[in-house]
Amino acid sequence: MKTHTEFLTFNTKKHRAYVHITPQVEKIVHDSWIKNGMVLVSAMHITAGVYVNDNEDGLIQDIDQWLENLAPFRQEYKHHQTGEDNGDSHLKAILVHHQVILPVTDGELRLRTRQRVFYAEFDGQRSKRVLVYVMGE
Amino acid sequence: MKTHTEFLTFNTKKHRAYVHITPQVEKIVHDSWIKNGMVLVSAMHITAGVYVNDNEDGLIQDIDQWLENLAPFRQEYKHHQTGEDNGDSHLKAILVHHQVILPVTDGELRLRTRQRVFYAEFDGQRSKRVLVYVMGE
Amino acid sequence: MKTHTEFLTFNTKKHRAYVHITPQVEKIVHDSWIKNGMVLVSAMHITAGVYVNDNEDGLIQDIDQWLENLAPFRQEYKHHQTGEDNGDSHLKAILVHHQVILPVTDGELRLRTRQRVFYAEFDGQRSKRVLVYVMGE
């Protein structure tokens, strides 16, 4: 069994952003020379998520609006008594979940065309990382 | 290390449906002859989820009502400008999450009795697939 | 490939509780002697979750309040016709998700300092278990 570890780095211009990362994950799988196994794509931060869904601009706006409705910015979060102002970012990350597992068969990601991998930034404008960890043989 | 890949196919009669699939996943684990490892059960579509919870009819109705409350159908989703009408299906899938990992020990799924695996369809009445991917030895 | 299985047991004093378990998971990884692979940390119950986020008291209170807002206790859940009164506990567990996968490299959990693993109890005051399953070599 082999493992292969890489990181993707993000520094988004906006506070919240949804970055399509399927091509980068595919490249890492190819570079790993692992033919059969799994890839874990996992945010290394507690204010960011990773999810699989459609790369369609309207839907991405809908997702963003929906997350803001369900986990809105609020001054009065208790977390803000520490000096932070990103309570909502933590809640959004929990809702979206911070990781996905993608199967690898014959050296390729086993995803359908519309299943695209996204990095969801909920507290951006600074350097953040995603672990891409391939495991198999 | 071995891997074993199979697919389950669904074509639900209703637009939303919750299908209990533990027996099918158990059969695939047995057929794989893998004794120790993990199974990834992952929807191959972006309007469907996979989750582990109770196989109790009342609870399933509660889950459905709750998901419709938190991620309701709305005409005005931006995604609908593409001609689609399933914006809510994508949001429900993100909320439920589209995959679970189940441990396999001694050739059996390591689940408690009330932990049952469900396929959650949020845009049915057409053919959809779930990947069941066993990895181990 | 090796696997190593252990369980953590909880019996929380409160109905809902958030228990920091990173040290216990780290110890199990060390005891497994697995150097490279993954750990699955997965609740064995359908009214509990496992998540990765900050070990900050204010945030934990915010998470609890937010979950109660989005998946509140309600008398009228259909699940309660079975005699149960924990419909909300199931919904909270689905929202948080019941498992995480953590990478192991060089015999250590690959997490950043603020990424802490939590057991989220939504129907406590009785014995519950979490599976910690290490897989690798």
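Annotations
Chains here go by letter, A, B and C, matching the order in which they are written, and residues are numbered from 1 within each.
Here, contacts are C-beta pairs under 8 Å (C-beta built on N, C-alpha and C of every residue); 3 or more make two chains touch, one makes a residue touch a chain.
Since the model is a prediction, treat every value here as computed from it, not as a measurement.
Chain contact topology: the protein chains form a complete graph, every chain touching every other one. Where subunit B touches subunit C, the two copies mostly use different residue numbers: shared numbers make up under half of all numbers in play. Separating the CA-averaged centres of subunit B and subunit C is a span of 20 Å. Chain contacts: subunit B has residues 1, 70, 95, 97, 101 touching two or more partner chains.
Within the complex formed with subunit A, the residues of subunit B that make contact are 1, 3, 5, 40, 42, 44-46, 70-71, 77-82, 87, 90-91, 93-95, 97-99, 101, 131, 133, 135. Contact residues on subunit C toward subunit A in their complex (touch as defined above): 1, 36-38, 51-54, 56-59, 61-63, 66, 70, 95-97, 100-101, 103, 105, 110-112, 114-115, 136-137.
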